[in-house]
Amino acid sequence: MPIEPIRYVTKVDLSKPGDAQPQVHNRWHPDVPFTETIKVGETVKIECLDWTGNQIVNTDDANDIKDVDLTRIHYLSGPFNIEGAKPGDCLVVEIKDVQPLERQPWGYCGIFHKSNGGGFLDGFYPEAAKAIFDLEGIHATSRHLPNVKFTGLIHPGIMGTAPSAGILKEWNSREGSLKASIQHNHDTSVANLPEPINSHAGKASDKAIIEKIAKEGARTIPGRPEHGGNCDIKNLSRGSKCYFPVYVEGAKFSVGDLHFSQGDGEISFCGAIEMAGVITLKFSIIPNGIEKLALKSPIFIPGDVPNNYGPSRYITFEGFSVTETGEQQYLDATTAYRQACIRAIEYLRRFGYNDYQIYLLLSSAPIEGHIAGIVDVPNACTTLGIPMDIFDFDISPEAEIVRQDLGTCAFVKNADHPVIYKFK
Amino acid sequence: MPIEPIRYVTKVDLSKPGDAQPQVHNRWHPDVPFTETIKVGETVKIECLDWTGNQIVNTDDANDIKDVDLTRIHYLSGPFNIEGAKPGDCLVVEIKDVQPLERQPWGYCGIFHKSNGGGFLDGFYPEAAKAIFDLEGIHATSRHLPNVKFTGLIHPGIMGTAPSAGILKEWNSREGSLKASIQHNHDTSVANLPEPINSHAGKASDKAIIEKIAKEGARTIPGRPEHGGNCDIKNLSRGSKCYFPVYVEGAKFSVGDLHFSQGDGEISFCGAIEMAGVITLKFSIIPNGIEKLALKSPIFIPGDVPNNYGPSRYITFEGFSVTETGEQQYLDATTAYRQACIRAIEYLRRFGYNDYQIYLLLSSAPIEGHIAGIVDVPNACTTLGIPMDIFDFDISPEAEIVRQDLGTCAFVKNADHPVIYKFK
Amino acid sequence: MPIEPIRYVTKVDLSKPGDAQPQVHNRWHPDVPFTETIKVGETVKIECLDWTGNQIVNTDDANDIKDVDLTRIHYLSGPFNIEGAKPGDCLVVEIKDVQPLERQPWGYCGIFHKSNGGGFLDGFYPEAAKAIFDLEGIHATSRHLPNVKFTGLIHPGIMGTAPSAGILKEWNSREGSLKASIQHNHDTSVANLPEPINSHAGKASDKAIIEKIAKEGARTIPGRPEHGGNCDIKNLSRGSKCYFPVYVEGAKFSVGDLHFSQGDGEISFCGAIEMAGVITLKFSIIPNGIEKLALKSPIFIPGDVPNNYGPSRYITFEGFSVTETGEQQYLDATTAYRQACIRAIEYLRRFGYNDYQIYLLLSSAPIEGHIAGIVDVPNACTTLGIPMDIFDFDISPEAEIVRQDLGTCAFVKNADHPVIYKFK
Amino acid sequence: MPIEPIRYVTKVDLSKPGDAQPQVHNRWHPDVPFTETIKVGETVKIECLDWTGNQIVNTDDANDIKDVDLTRIHYLSGPFNIEGAKPGDCLVVEIKDVQPLERQPWGYCGIFHKSNGGGFLDGFYPEAAKAIFDLEGIHATSRHLPNVKFTGLIHPGIMGTAPSAGILKEWNSREGSLKASIQHNHDTSVANLPEPINSHAGKASDKAIIEKIAKEGARTIPGRPEHGGNCDIKNLSRGSKCYFPVYVEGAKFSVGDLHFSQGDGEISFCGAIEMAGVITLKFSIIPNGIEKLALKSPIFIPGDVPNNYGPSRYITFEGFSVTETGEQQYLDATTAYRQACIRAIEYLRRFGYNDYQIYLLLSSAPIEGHIAGIVDVPNACTTLGIPMDIFDFDISPEAEIVRQDLGTCAFVKNADHPVIYKFK
């Protein structure tokens, strides 16, 4: 009665771009064809490309980050036909494991150039930057972030069921409205509408279908309430049990954008430790689960083996909704969290890291970002907690400051720009 | 060599309103006189009134909540002269313990009427409501929230050093600007500017000083980046070590608004388990600490005994920045967290609680609110985690739903309004 | 509808010896009279003397420890009549809180002289010693153990229901048999049989009853499987729910020997931070619970707020069942744990503590003692874990050793004996 | 600058017995030749056979367990030459990961027959039994233990450096003395002395060396204080950093006996989830570390990702040193832990499991075994905690008992013996 190895339903090729691989796709659309069928109760392994489909390389410069083609993201494995799933059901997905690929034991965290992607702090740090992480078992270290080591809270950045045609229409409409109304006030894109260029419809071979997907397919950048998608929740890690609404026959579940680790907020946008990897999932169905669970958005039960640094091993920064230039915002948790990030940068740079290194660290390490108070008008308060034990030196407030040579992260070749921002 | 009992530097009277007690005050101003002097290295006990100064009573109606006088908040104990603290220093405050007063073993959580205070969900739940909690040792239960019991993550809602005259001016200016620019778009107050009515200047006896404080004193409602104040951080609990910037001689540290428990966000505004209590604090000083620690806002190291329900004992709801009416917001974590709250209400009401009960529960129980992804334009994603083990029945997605009679929270006498809101 | 303060069913007097106080007793016997009646569902507060009934004082010598009168222990509050409890029932006791008495904010840990009590390591450390701990809120520190601070995992050393006459007889018989068969091989007492001298029968006034209790009453030193008693389980702390078999009408529940903190093993015998204090308990009954739960010994569900130092913040020592002189024992976990203790002493003394100080520390701090492997003949393996963060300097294996002057614990006046034991 | 996959220094063959594979060995002896050299700072992968070298198969009977050949254990990978390690040094081994082999995703837990191996409870459960576990990612389930699922706290049962000739002699002498003095009182082996039959000297080809190892080589069954070996510590899991004394040039480090999961005590002897697997280790050296760290036995710092069920999710049984027949033992933690195991069996069998199933469960699941009090003469007290959430039904004391059909574990074909033991 030997047990067979767990079945792989997707394998990926690390030597070819994502759009050359029909087992992945990069747009949300109900017409992307199934790549495989999975039975209820079955556990399968699914290999995933890194989100850019092999655009980023293991080097000490950030030219690849600067020039990344953001029409060619995210490459997702699937969609999968979960046998018997019907619209109205709840698809239950248990994350049995996530691992980097044994054949590529590294990942990266990037800061996009403000003119090509940007990020949470691009007002202060507009340049492209990168850190390469070595992945050894459960640990990550980086030559670009010396004296730091942590255990990855490994997870998929993206999981989701396919939208119905109606939901897809709703997405495109509401995001289009936003873009129409506020884009003129922003210098980076506020929403990414369907983009035919480099749309990848997976296994689709019918030209009309391919064109339809290219024209209508929702971009994978935002998470969306109806199906999850790119939610980037670091605690959706090993052992989690997730409940998704089903909108189309067979659920058309897709997964990708695997992260070895991420901080709450994933602030640099390319901000986790991005990697190619393999995820082990088990599927089941709650018939009529949308109604039964009052399920308008995914819910989940986290796993039982997250990093446990001990609650008192975090140094915690408070951030309020007053901008860095002293402007009062109204109960704005986003502004408040940005301020907490800035406080952390000012604190950590005293040890010798430059601001871009810290930005990468806050993005990729297991940082805790909490909403604290959100009703004390006009200030929202958030907290950002850094586990002190990921450093091999003492960063506590009691530590004696010894400014070390802590190198630098990767920048564009021959870069010459400030790496410290003087906040007011 | 007997050790003396720990010295009380403040005692409060539960039978008199806050403004009749000179050992407390309710405005932030550098001229509020010291009530006591505390030595560096000394541990002291400080009794605190509940934040309203005894306005709320232990009853089954919410008339007291509806009629609360919000010009008469928050009553803070102090300010204290920390011997030797100088502007530029960092004041280190260690929270040795927080306890309800033995003579008043109950607390309350309130939902303010939309016309008098409001809260995070006042668009859907405009009425006043209340839950009274019995506090037995570390546990809280409420006759208004049956079948729930939890351990309090007990903490002060407010701690802070006094602002300098310059900082106070800055506060009043920037909050005034906000009010001037956006108040007309809101039906609740967006900021509370200095309010002479019911200003309480503590021990001040000089009439000119009293009037100055009344006229200029900053309200205690918002936390503020410069000194913390009403930050409402649930994890700032027993064992925490907090680092505050000092702006005036002696620091003029004040504390109050004790909470037996609170959820992340404190969403109903009067939203923790509010109580009178006693806090035990130890003080020390890092000379020139503002510069040494790059300390623009308070930081802290949490304690080592928070509630530990186990990471996999939370049911977690995802919330995205699309409003409840389907409008797309831009990377708005506040909207996203509101959606997570709504998802939790829709889920929990299936068991028999009404929406106001759940609103009170999310406010006061040890709810985890995280910023998940804040860069995936246009959607911020937040999560709200409810510890399943605070219920004495199974609330997991696998639970069979048995609708129970779970009573109701306190409303205004003879109230007659909907207790369930139909979201789109 | 004001809630009354929680009812005290026992108050103690710190100025009088235990045997002058009828609300406590120091022998287990079914005939010790009830002191109070408690209703099912009622929560009460119970003050307790320290276990010796005020024999130990806050000084810098250990003469009180050396001369302690061990016929006068442990003074337990009660017994209490739990209304309606019947033989065969299960008594459910919820620990709502434990606190030191506000009027005596200190405790002590002692090492008994080998000739009067002894302890786990009395072969190497035969002298009397003591450490006084200051108790400030949740924290303990000691002038006799400098550079150490920890949060107390506070708990009662003793809780138990009264034995029936039959069970009492069984206890005396089986412990008598042990004493008869092996006492001649030991130089400390292997069991303490009923001891009329200083027997304290609580409220009993009938001379015949007093004499019967003195003659037959079981000593309180050992925990016993039938009812728990002096189990000294550090995790039986705040929030725990305990299930006791009931053998007599009304259960006759007693409690005492409160510990502010204790390490697994409580190795120095007087080995916790012993204190006078107050415990808040809630009682209920499972009728016929002995049969229903197959309840031959107490069971419990621990609380949710124990110290959480983080699993990776412990330095862990392995101990095997080979004695310190190289003799092989057979699967002896007791020997194995002793070896782990010795390894910890050898390790910690390098920093400047003397062995007696470390012995006191391992006894009283939140040390983790695990049974690891107990079947690998002939060696049992145990582990002893010390939380590194209770020290304010680095004790990790990577730490540079800087031998500090770390003072000493209290010894007998003018003591002159080795404080370091040279193990083979 | 591509990173190469991590180097494998050992691969194993699952189709051949252990003694046919020269990259493994099964005796401790300084003369077993190195299989590979590993550099300081290098991270390597090491495949390991299951401890029996493929003797156990995935079936529903326990004949393989009954007939296991215990002269042919444990097959360890190595020994490895850690470049530069010298006697007197400390070898630091960081466990980066442990995984089952992808090609064999199952493991087993066995109860040995009393006449061939036995175990902690063989007085009551003398028959052979087995449970096969399916390993899917981090989770284990077993068709022989239905309704149970848990995350593996995965670890090597055995790690150790080679003994010097002198230490080896000491081992054989002291274990020989034990055997000589007490074997006649036991019906199972109290120690296993060197056994030439089926000795496997790894890569050794010199006949004299092979014979020397066969004659003198220490058995791998016990852990030993000098080097660790078969310590079976469940928390020596992923992320742990271990410190071993070095006795011979190159350290001659060996590893094996990988466990997917184990309870404290590993009570059934073949008692973990035994598996073939791969371990990822990183090596470094502290020169002269034995003296520097006072290192007589291995020490370790555990990892930061153990199972975290929440402290209040354990049902905890107390065990005292009174035997199951009512005999009083003297401070015997081994007896006390056995009693705690019996209490757990009596409790769990009410739900429908038979005693052998529970024995297997206590052995293999993440059970917590603590030493509680070890000085309260004559009773040692231990505790055994079972995480309630590994069951998919409620096992709390409040649960309504519904006796289910929970199948059985594997027994010998056509077995017919009691599966419930009636304790007094």
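First chain written, first letter: the chains are A, B, C and D, and each begins at residue 1.
Operating definition for what follows: a contact is a pair of C-beta atoms (placed from the backbone, for glycine too) under 8 Å apart; a residue touches a chain by one contact, two chains touch by 3 or more.
As the structure is a prediction and not an experimental result, all values here were calculated from the model.
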item: Of A-D and C-D, whichever chain pair has more C-beta contact pairs; value: C-D
item: Geometric centre distance via CA averages, chain D-chain B, whole Å; value: 50
item: Inter-chain centre distance, chain C versus chain D - centres from mean C-alpha coordinates, in Å; value: 32
item: Centre-of-Cα separation between chain D and chain A, whole angstrom; value: 39
item: Sites on chain C at which at least two other chains make contact; value: 239, 303-304, 306, 308-312, 389
item: Overall pattern in which the protein chains touch one another (line/ring/star/complete/other); value: complete
item: Chain D to chain B touching residues, read off their complex; value: 308-313, 389, 394
item: Residues of chain A defined as touching chain B within the complex; value: 90, 92, 119-120, 170, 174-175, 177-178, 182, 188-192, 221-225, 228, 230-235, 239, 243, 264-269, 271, 286, 292-294, 296-304, 306, 310-312, 314-320, 322, 326-334, 337, 339, 343, 346-347, 349-350, 368-383, 385, 396-397, 401
item: Complex contact set, residues of chain C against chain B; value: 1-3, 5-6, 43, 57-60, 95-97, 102-106, 132, 134, 136-139, 151, 238-239, 280, 282, 303-309, 389
